[in-house]
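One chain, chain A, links the two complexes that follow: it is found with chain B in the first and with chain C in the second.
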Partner chain A sequence: MKIPGRKKLIPPVIIQTLKTHPVIIVLITLFMMFSSLYPERFLTPLNFSTILKQFVTLTLFALGPSIVVVTGSLDLSYVGIWMLGGILVWLLMPILGMFSILVIPLLGLATGFLIGVIQVKAKIPSFILTLSLLVTYSGLTATLSGGYPRPVRGYEFITARLIRYLPTAFLWSIPIIIAAVFIIKRTRIGTYLYAIGSNEEGARLAGINVDKYKILAFTLSGLFTGIGSIILFQHLGGATPVELNLNNLVWPLVAIVLGGTPLIGGSGGPQRTILGALTFTVFYRGLLLSLLHPQAIQLLVGLLLIVSIVVGTRGLKGVTIT
Partner chain B sequence: MRGEKMMVRLLISQEWLRRNMTTVGSIVAAIAIIAGFQVINPFFLRYQGIITLVYAMSYFLIAACGLTFVIMMGSFDFSVVSLLKLAALICVLYIDKLGLLVIPLALLICVGFGFINGLLFAKFKVPSFMATLGVSVVVEGIALYLSKGFLHIMYDETFRALAITFIAGLPSIFYWAMGVWIICTFIAICMPFGRRTYAVGGNPIGAGLSGINVERHRICVFMLSSFFAGLAGVLYMAQLGGGSMLIGKDMTIPLFASVVAGGTALTGGVGGPHRTLLGVIIITWIQAGMLMLAIGRDIQMVTFGLIALGMSIVTIDRRRIKIIK
Partner chain C sequence: MEVKLVEVKGVSKTFNGVVRALDEVSIAIRQNEIVGVVGENGAGKSTLMKILVGVFPPDKGEWYYRGRKIPFPQNPKEATKRGISIVYQEKGVIPCLKVYQFLLLGNEDSYVKISGLHLDKMKKHAREILEEFHVKCDVENFMYELPLSTQKMVEIARAILSVRLEHEDNNITSVIILDEPTAPLTIEERRELFSDILNMKKNASFIFVSHIIPEVMEFTDRVYVLRDGKLVAHYDLSKEKITEEDLFRAIVGRESSEYIYKPEIKRVVSEDVVLTAKNLTKNGCYYDISFDLYKGECIGIFGPAGSGKSEIINTIAGLISFEEGVLIVKGQEVKTKELPHVRLARGIGYFSGETGKELFLNWTITKNISIVNIEKILRKFVPVISFNAEKQMAEKIVQRMRIRTPGINTDCYSLSGGSKQKVSIGKWLERSPDILLLEDPTIGIDVGARKDIYETTSEMKKSGISMILVSDDPKEYSILCDKIMFIKDGRIQKVLSPEQFKKVMAT
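For the complex of A and B:
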């Protein structure tokens, strides 16, 4: 029997969305908290523009790896591709001219393919493989650049301002995000990657060429990082650092984990990473504006990472971990 | 008849060589490195050169012994370098107030963080790499907060004497490192704790079924690793006589490479601290030799990245594992 006159307070669509993406609640809570605590600093167009800028940086770093995390592996090479790519652009500029920017996606593609082949054939845990490669790349960057950041001029048109307060890099990142989400949600590749992530042995028995699709996942990750790095390269000032920074490595991982992609694989993906990146950016900007000690912020970021991993992996029983 | 016997002996020796390939390879590599650097730079094996080599390898060996237990168990501890830094900074910051009591304080704090690592890994089922990465970000934050980013100098002579007293021509930190190495080898080979670590690394489910409390054991191993990281930090501070946030910078990959170069595979269950000595000698002597030849840190990073990559490919036993993430 239906009770007449009773209206549903919240449409079921929204409840369903909140159930699959609980991070939205965190995002709204953080936003409300910061805007009620210090509206004069937080609710300004300049701050929103900065949030968008930081969001772009995080998302473009985290998009590629989140494809790999779906399969249960980990890809940390993104910072390396970005750093080495920037220096290669500087080196190749006198020879190739404007086309030298294309070296970044090529480097990303080659790195991703290499990682995939080594991981599948030599069976090294992916995190240590990509970490070693990252260190190698950062060493190469420092060697090639001679130890100084090398700014490159001539690509300002990539991030030239079109609309006030709206970073052009954000506009550029939209098609990249859509492409990544499309691949993972609407194509066969995405379905196979989820299958490999949730049960690799089962996927193999079901006739999926697991090795091929794992290599493909790493290659896609490298390619997306490479394309994103073109935009990041100009967005972050036309030069890349020559020194490896732990924050550059950790923040995209926080975005991935916070978005709700468990590191064990089989669920999540780029669509959640976007939410995670937005939440992390709001969290970080809010803390930065709060007059807290800057060192305390790093502490809180680490705590956020730990808490989000613990919450993200809860209830996953019967999983063997290493 | 005789030919057959020869064949059998040859087969046995080939089998022996194949089984001990990592050990033999490490010894050959170590000798080749020493010979190579000696040829290029005749000061390498003079007394002064040896002192440099000993200083470079001692604190490294202590930290690597702890990490070896974790890798033997099939996990990874990213926070070793951060804990080393924190222990060193605690020593230099509070030596005036507490005196030599800072050493147990620093070690206790490190063991506490090791407990958190183990708890996250064993109880909350967070992959060990991510758990320790998160903890290491927190530890770096604490170290930055305490040190304010400045360089601090250690003025306490009794504290410094822990590492730089010369006994029989060698600094005392060398004897500390050798002591830790012998204790670790003893634990791994002769004590139930070490045998359980091998068992958990080889097959966690089987170890659990045969009556080992796997969760508690994992927590203990992470605490052990953190304890040695802290000890390495304390002695490193005594050796250096001062430091800032830059202590242990870019040390993670060489540390990992030295464990793997000794022959402890990432899959767990094989290797051990007794092998790590060789790996540490290979890695730190390459580092020191390159420094003596004035080769910069950037090329060193490339070298160690490639060594870590190559050695993990060589040491992993691919017959046993089906799925690797």
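For the complex of A and C:
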């Protein structure tokens, strides 16, 4: 039974948005829960600022890979690009000076292209390929650096504070996010990538050069990770770690899946990853402030990943994933 | 008269209370014979087989085992107890197992010893079985190393073995259902498989499900013909003298009243050749295929399944490569190996009626239509998709194709089969390539949707699009084609006009 008056209570646009982005409900619920449980800790400008900082980190890592996930593949090389890039900046600083930071996007671009070509030509699962590359890069980082993190000075301006409580890295990330969403939503490239993820055979029959666009997806992913890593490099302390940190690898994946991009491909994309990253950050910060033991938080993060993968793959009743 | 091993009488099955898949069908299988069950797609062959192996229960019917009435099996395991097992068309083989492992898979219980499995005993037993059935292969080989026909034989041996083990009786005669066993095989491999099956006849009876008429004629003792869920004919090939044409007519049905649509296509064919094939050959599939396709012409490639017709059309689409010969598209010679997107750039579109092959099921109608027409909806100065233009294009096609849908933003998986097909072909209508390849364009859809699709294709033809048609339905050829090539065993037998074709089909 439909009550005509009820319709006006919640505008259809909002209902539609909530239906296609169910993670928003999770986000709002978490936010309200934490704000009512311990407002004195959660509802502070400092906490919001931290949430934004962490959100930027997560988003910049997850943005590129989420383009690849749309095609039904997986790209785990992002942490490797960031780590190796950081060390290359340190190595090239004496030669190139300030321009050496540009080595990171170039590395990202080259890495993405390489992964794409190998994946398409050798037809091996992208998961294992990019994972091996990640291990290789982290090994290379440790070798080149001699085993110590190498801080580089001179790029502090990238994250120099402009507005109080608002991390500058967040401002930088906005155009990057817009570019990624634009490519995936408004250009032919985006449409073709969705097509490949949705039905590869169909994409081939529709006259799409599947191999070319798969390579392009990985290249874009590498490029976005590379550009993001310029900001992350400074944002995370002007040096990159020489040891692989599992959280850096897993959290962006949680953000992608939680945002509603199923790993089987064909739907979702960067626009959802942003929501996923924000939700995850609120979730994580909220738990951190709850004075839970850090190990327990780790456990909950793992469970969240499992739940979101199951929900993302099977779909929720009444939720259309497109 | 030999014993009737298995007999079912008056089997009926209705799906969802509407679709009558089987209507009072009765068949019997005697000891040591090969029985053919033939029919078009959707005639009820697979439903009948699934009832026989216990996948579905029938609505009504009786089952006799050696003359005794017993209930229908509830699951495949129970069917094995009744002596019936099935070898599916595809995906039955596990390639990474060794032959003896695959053969005895699921029956390892009898070979367990304290330190694991008794491998020598397994191999010995497997070797004995293969010898008994004259399967020539080594038990230590991996399944994937065997030729496809031998793989099939091992599968059949496995099916017989499962019945024997269930009964713990080596002399029991089993009934093995072969569901289109030759579909993935080349012509030569088929020959081999059949001679092997004939060798096995003394160990088992076979139900041979197929729509390849020559094979059925050659290798079966009796044939049941199903059409629209009814048993329409039953021939004893050893006693009656019937021809391939007789069987063919029984399968497709004499009356064509089903088709309301009578097209008035003025056969305007211009002088420009858009596509030329010269001696196209792909060994094992087709040989020496030569023809010219004119602008606005529709050529049909007609032949029984497995004749190479679908390989030819797939070659032109760029899905498979050819080995010898020349293919010229609009004056340019193409490479033997060229992907579909290159062929599309040359102006060749490919449409297949197979559900879900072309369609992006989790996409909206709009997106499914715009996918091949993106150039048209990009903005002028920046290459950005204009959602407005996309919407207008989709609305136009939905209206023109009379697609029944709540709106253009409906996801395609929720559409009916006919509407899905219309969306698929609608995108080509908008794109209008120079050549459109049609493979089974109306498979599995209702009369109304067929009519709409025929109208659309004729319209496209009128506008100068050339077409090549491959279908399992001979009526389709006389509706759409200007010229029909008969293919048999991969070679062109004769070329007919639609009138001649109708005559051949009628007699």
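In this section, the second predicted complex is superposed on the first by the 307 of 322 C-alpha atoms of A that agree within 3 Å, B and C clash if a C-alpha of one lies under 4 Å from a C-alpha of the other, contacts with A are read in each partner's own complex, and residues count from 1 in each chain.
In the analysis below, a residue touches a chain if its C-beta (ideal position, glycine included) is under 8 Å from a C-beta of that chain, and two chains touch if they have at least 3 such contacts.
All of these numbers come straight from a predicted model, not from anything done at the bench.
Of the two partner chains placed around the shared chain by superposition, chain B is the only one that A:Q119 touches, whereas chain C remains out of contact. In the superposed model, A:V135 makes contact with chain B only, not with chain C. In the superposed model, A:S267 lies in contact with chain C only, and not with chain B.
Of the two partner chains, chain B is the only one touched by A:L305; chain C is not.
Contacts of A:R188 after superposition on the shared chain: chain C is touched, whereas chain B is not. Chain A is touched at more residues by one of its partners, and among chain B and chain C that partner is B. By the touch criterion defined above, A:S198 lies against chain C but remains apart from chain B after alignment on the C-alpha atoms of chain A.
Contacts of A:L102 after superposition: neither chain B nor chain C is touched.
Residues common to the contacts of chain A with chain B and with chain C across the two structures: 201, 320-322. Those residues of chain C whose C-beta lies close enough to touch chain A in the complex are 317, 319, 339-345, 349-350, 352, 356-364, 367, 370-372, 374, 378, 383-385, 411, 427. By the touch criterion given at the top, residues 186-188, 191, 194-195, 198-199, 201-211, 266-267, 320-322 of chain A touch chain C in their complex. Listed in rising order, the residues of chain B touching chain A in the complex are 74-76, 120-121, 124-131, 133-142, 144-145, 148, 204-205, 250, 252-253, 256-257, 266, 268, 296-306, 308-309, 312-313, 316, 318, 321-325.
Taken together, the chain A residues at the contact with chain B in this complex read 72-74, 118-119, 122-129, 131-143, 147, 200-201, 244, 246, 250, 253, 257, 263-265, 293, 295-296, 298-303, 305-306, 309-310, 313-314, 316, 319-322.
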